[in-house]
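Both complexes shown next keep subunit A, but they swap its partner, so subunit B is in the first and subunit C is in the second.
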Partner chain A sequence: MSRVYKFIFTKLVILIITYFIALSIAFVLPRIVPGNPVQSLIVSLASGSLSPELLSDYQRRLVEVFELNKPLHIQFINFLRKSFTGDLGVSLQSYGEPVVSLIARHLPWTILLLVPAIVTAWFIGNYLGARASYKRGSIFEKVTIGAGMVVSQIPYYWLAMTLIFALAVLPRELWGVDLFPPGSAYDPVLQPSLTLEFIISYLRHYVLPFLSLLLPSLGGWIISMRVIATMELGSPYIFYSDTLGVKDKILFRYVLRNSMLPQVTALGIQLGFVLSGQIITEQIFNYQGMGILLTRALGVRDYPVIQGVFMILIATVLLANFIVDFVYVLIDPRIRLGHRRD
Partner chain B sequence: MKRLELRNVRAYYRLLIGNREADVRAVDGVNLEIRKGEILGLVGESGCGKSTLAKVMLMNINPPLFFKGGTIILYTRSGNSLEISKLNREKLKKDVWGKHVAIIPQEAMSALMPTLKIKRIAYDVLRSHNPDISLDETVSLLTKRLKELGLPDYVVDRYPFELSGGMAQRTVIAISTLLNPEILVVDEPTSALDVSTQKLVIKTLWSLAAKGIIDSMVFITHDISVVRQIADRIAVMYAGKIVEVAPTEDIIFDPQHPYTRGLIDSIISLEPEVRKRGLRYIPGQPPNLINPPQGCRFVDRCPFAKDICRKKEPPLIKINNDRLVACWLHVKG
Partner chain C sequence: MSITELLYVLFNNKRFMIGFGIILFQLLLSFMGPLLYPVDPFSTDNPPWTPPNEVYPLGTDRSGRDMLAMIFHGIRNSLYVGVLTGLFTIAMGLVVGLISGIKGGILDEILMAMTNIVMLIPSVLLAILIITYIGYENARLELVAFVLSITAWPGFARAVRSQVLSLREREFVYLSKIAGYNSLKIAFQDILPHLATFTLVSFVNYINLGINGEVGLSILGLTPMNIMTLGKILYFAAITQAFILGKWWTFIPAGLLQVLLSVSLLLIATGIDEVFNPRLRGM
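This part shows the complex of A and B:
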């Protein structure tokens, strides 16, 4: 078992190093983009009735409070130090609201949308792909693979807009039916609560963004699984078991089991892509998750919010990859017991 | 007398070359019988179609290979005869494979489902034929068989990759014979093993027959020195056809077909008569099986080729009490 612990330990060290590198990049990048947050805040205030003296005084105070006058590396160290105590600073734009509470308000919507979409796509896509490969030459294979090819190549954003047009706008324009709402996470007149009315509204708003994330990823899984499963089907152990009269049902289970293993790794890699797709999806559906929070913060260079969001996003992707590696150890005996041999 | 009979069996690979379909005649008109209680060696060089013939004997034929024609009849222990070349996949799977015929594939390690323990692999085989069997019953059956074959019983709890090459090969032998099939088709079982392990595997196979677990065996190899240790008769295959069948000693010491002679002459051997003769080889290449020569397929490499050899295919005829040869040199008149 010590080998497993060593494996986990190495992975953990790599994970932490990767995290800091990614975090540094996420910290530096917004700061080298021209313009600064204080400037854009001042500009928005200047349209009000504040006097120029008051404005410049205000600007100086802001720069001091947010430590924007200090060298970059000092800012970074301070940011890291504070973040360990759970303090991600306050937003420059949202009237001093703590970044932590901003994230807490947006994160659940993203998770509730993203995780079911990823998991559903993975299971259904892999099953369909394996089935298609097993039923080689059948109508089922042709339809599944054809559809998978098309759907997997559709860009997230285009599919999202097409879905809005076809299932929200068109029915309303043509027949006056509100089939699905075109955006937002729930009806804006309602308050998030556990009432039936709110849940129904939430689910109706959920369908389109969910589909726009699910379908492209589903297609990708179908295609890749078909390739892997076809290879497995041609392998000697399938021929051998087949020739000993092992039932087709069991053979399919063999293929599924062995082809799923590389797909578990692929899931971790895909996660990053789905997450970036999610940012655009939220934008299109005006869905109040982390994507919206990030794009708004980027627009006004709200450094603390950008840092905070990246901190969570990067951690999610890395952690998911780490868990995937670990799951691989658990489910593949060849990796788990690779050292035991007679 | 007979266990398995092949009459004019043909199986081709359909290939796409450019836009044209072409058939590779890997098994082309094979006549062969496997007798009750015998071990038949099937020898030939790489690409002669012997592994394809193994698949065809069992009727497990997958694209691009397809069954072109012929008859294969299985004679079971209980006295029934079954024309397996007429059965469909479902029927073969239910009534023939594993029960009456079984295979030992070329590479045992890759033939075992890699992510299951040996006992689970055996369990899947047994419960496919008998839905009521439990895992515990499987383990006791498998352990018994492993013991008979001289393997330690901890093998049941191992994954395939935890076994050595020779151990995996013998484990495959144990699993293949769990249902006591009449016929075992063994395809190059020793090609990936070192010489001492080869000996062990051959001993294991031989003890299967001696203990009556199986009745007849087809032992496929390119290595005549290996097959000589175990086979009662040897069939020589060349370019998709059987060219000579005879008892082992006759093939070794008195080969009649020019190809068999070429094969025997190319073996390094310490026996005096072979040593005196010296080592020879067969010049040239086997023919292209997409467009095989019209007459005898060995004609371009044969030192005794006559006119008729280029025009007409030699029939496989009986030249003395237990010897079949397909060569015009042996056709009288």
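This part shows the complex of A and C:
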């Protein structure tokens, strides 16, 4: 078996084991926590102001999802079977809509918001970081690194609030200009469609959440890239090329390309962080993605939805990690060609 | 190097000093503040939405809570969560990393597989799931710190292990082995002292992670309601839509302080790194 297949195979095995363990955590947690949260939710629902038929309906749905009336091993096998067939139960709220269809409605918005922000931050941040380390000692370096250091420490949610205040609320109050809308993914009077009007409205609503995700992540890439690129600059081949009189532009391209490699793997790890920042960003912008779905479910303890969102988001992160690993194989000649002996 | 020499070198490092100064200032604020300005941060007796004035230096929020009092108490509790997260993470990471690196073999394989798996699970998601089922009413600050460190330790454990692996091949460890010392003694006498700086730097970084993680969980409403933290301040601002209503004083100062806290911790960490890791100097 060639090295590439071995590499991909190992990654795939780890991925499956990890997903299995994540599923097990989601299974075990509600069952081992003292006081049995599901049971106590049923009790607290009973003492609430729900009508008797609605209450028995809730109870039926909870029992259906958690199958508390069956032996543990049967529960676990059923849970796994359902997770892999995509049956995540029925929401307690939302008029009993299946969790899968709820997620299918919200996930595209999250991906649309997340992917451009992550990719843009990665490219710009790495370029700036490499440039800064190449221009060591210059004002450009000091400004970029200083700004990167501060920006990388700004929490996503606070930046989101501040951006709404500074770019949406203030201009309206001071000059009466509607620069950017303060929330939501598109104008509520419009229906999602591929018309020009809708796309423009979508893009205008997109700017602020995009910026609030982009900037902190950008700062992180600048900082980490500078460290990698500085080490790369110290390697013998750069010194040799420099002595040969290779042009600055070409030298910089060498450094950039070689320092990008470790950053590709870092992209996979970073994904989880951005995702968690994004859950809160969505809440603040009232952006109808997975974050809003999760926050609303958290408020009313809609366990089937919380569990479903957890499993789908983890699957997404794992899948993205796998894709990143795959890309890594494609671009790193040491892994791609390592098995050749010529 | 003796302790005094060490301190001398550290205090001569510009980054460390700036970071240390800011932290000291914030610590002073959080401990002296409540004494000099004895206002209950949860009291709702004041007029709502007051902009900063002479009576309320930082104004009040929708329920009439005094922002300045909230910030004093918030910094202290946020730092507490941060330090606890740092301690938990370091403890777990050191134990796993040392065992893995010194013992090796099948134990090493299992532990490292474990870190691989935990690292892939997004931390906030896991924290959300754990706290939801435990119930946020029962969530104490200690639990918040613990939940945050559950997902943070693998990175540190792996780094410790790789350092131990290279230290293990050094002469002084061989000599200890020849002298018949057991692995516990080797771990504590020969290996741990060499990990001291790295551990300290990581500790500072995990404090930062704890502070930020707490704010994230707070904004989702997953931390105890009766304890004021920086996260809780932003939570109140978020649920009252203060940023859309233009009440800047309810979230700008608290957020700025948090950024300041994070930047100073980052400065301290890089400062320590520079002092003890000469290759990084002048970067």
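List of remarks:
The definition used in the following text is that the second predicted complex is superposed on the first by the 285 of 342 C-alpha atoms of A that agree within 3 Å, B and C clash if a C-alpha of one lies under 4 Å from a C-alpha of the other, contacts with A are read in each partner's own complex, and residues count from 1 in each chain.
Everything below uses one rule, namely that contacts are C-beta pairs under 8 Å (C-beta built on N, C-alpha and C of every residue); 3 or more make two chains touch, one makes a residue touch a chain.
Because the structure is predicted, anything quoted here is derived from the model rather than measured.
In the superposition on chain A, contact of A:V43 is made with neither subunit B nor subunit C.
Look at A:N258: by the touch rule set out above, it reaches subunit B but stays clear of subunit C. In the superposition on chain A, contact of A:I250 is made with subunit B only, not with subunit C. Contacts of A:P333 after superposition: subunit B is touched, whereas subunit C is not reached. Applying the stated contact rule after C-alpha superposition, one finds that A:F239 touches subunit B and leaves subunit C untouched.
Counting the residues of subunit A touched by each of subunit B and subunit C gives the higher count for C.
Once the two complexes are laid over each other on the shared chain, residue contacts for A:L54 go to neither subunit B nor subunit C. Partner subunit A is touched in their complex by these residues of subunit C: 113, 116-117, 119-126, 128-130, 132-135, 208, 212, 215-216, 219-222, 234, 237-238, 242-246, 248, 251-252, 255, 258-259, 262-263, 266, 283.
Those residues of subunit A whose C-beta lies close enough to touch subunit C in the complex are 14-15, 17-18, 21-22, 25-26, 29-30, 33, 35, 37, 40, 149-150, 153-155, 157-158, 161-162, 164-165, 168-170, 173, 182-183, 226-227, 230, 269, 272-273, 275-277, 279-280, 283-284, 294-295, 298-299, 301, 303, 306-307, 310, 313-314, 317-318, 321.
In the complex of the two chains, the subunit A residues touching subunit B come out as 235-237, 239-248, 250, 254, 257-258, 261, 332-334, 337-338, 340-342.
Chain contact summary for the complex, subunit B toward subunit A: residues 58, 60, 62, 93-94, 96-99, 102-103, 105-107, 110-116, 121, 124-125, 128-129, 158-159, 161-164, 167, 172, 175-176.
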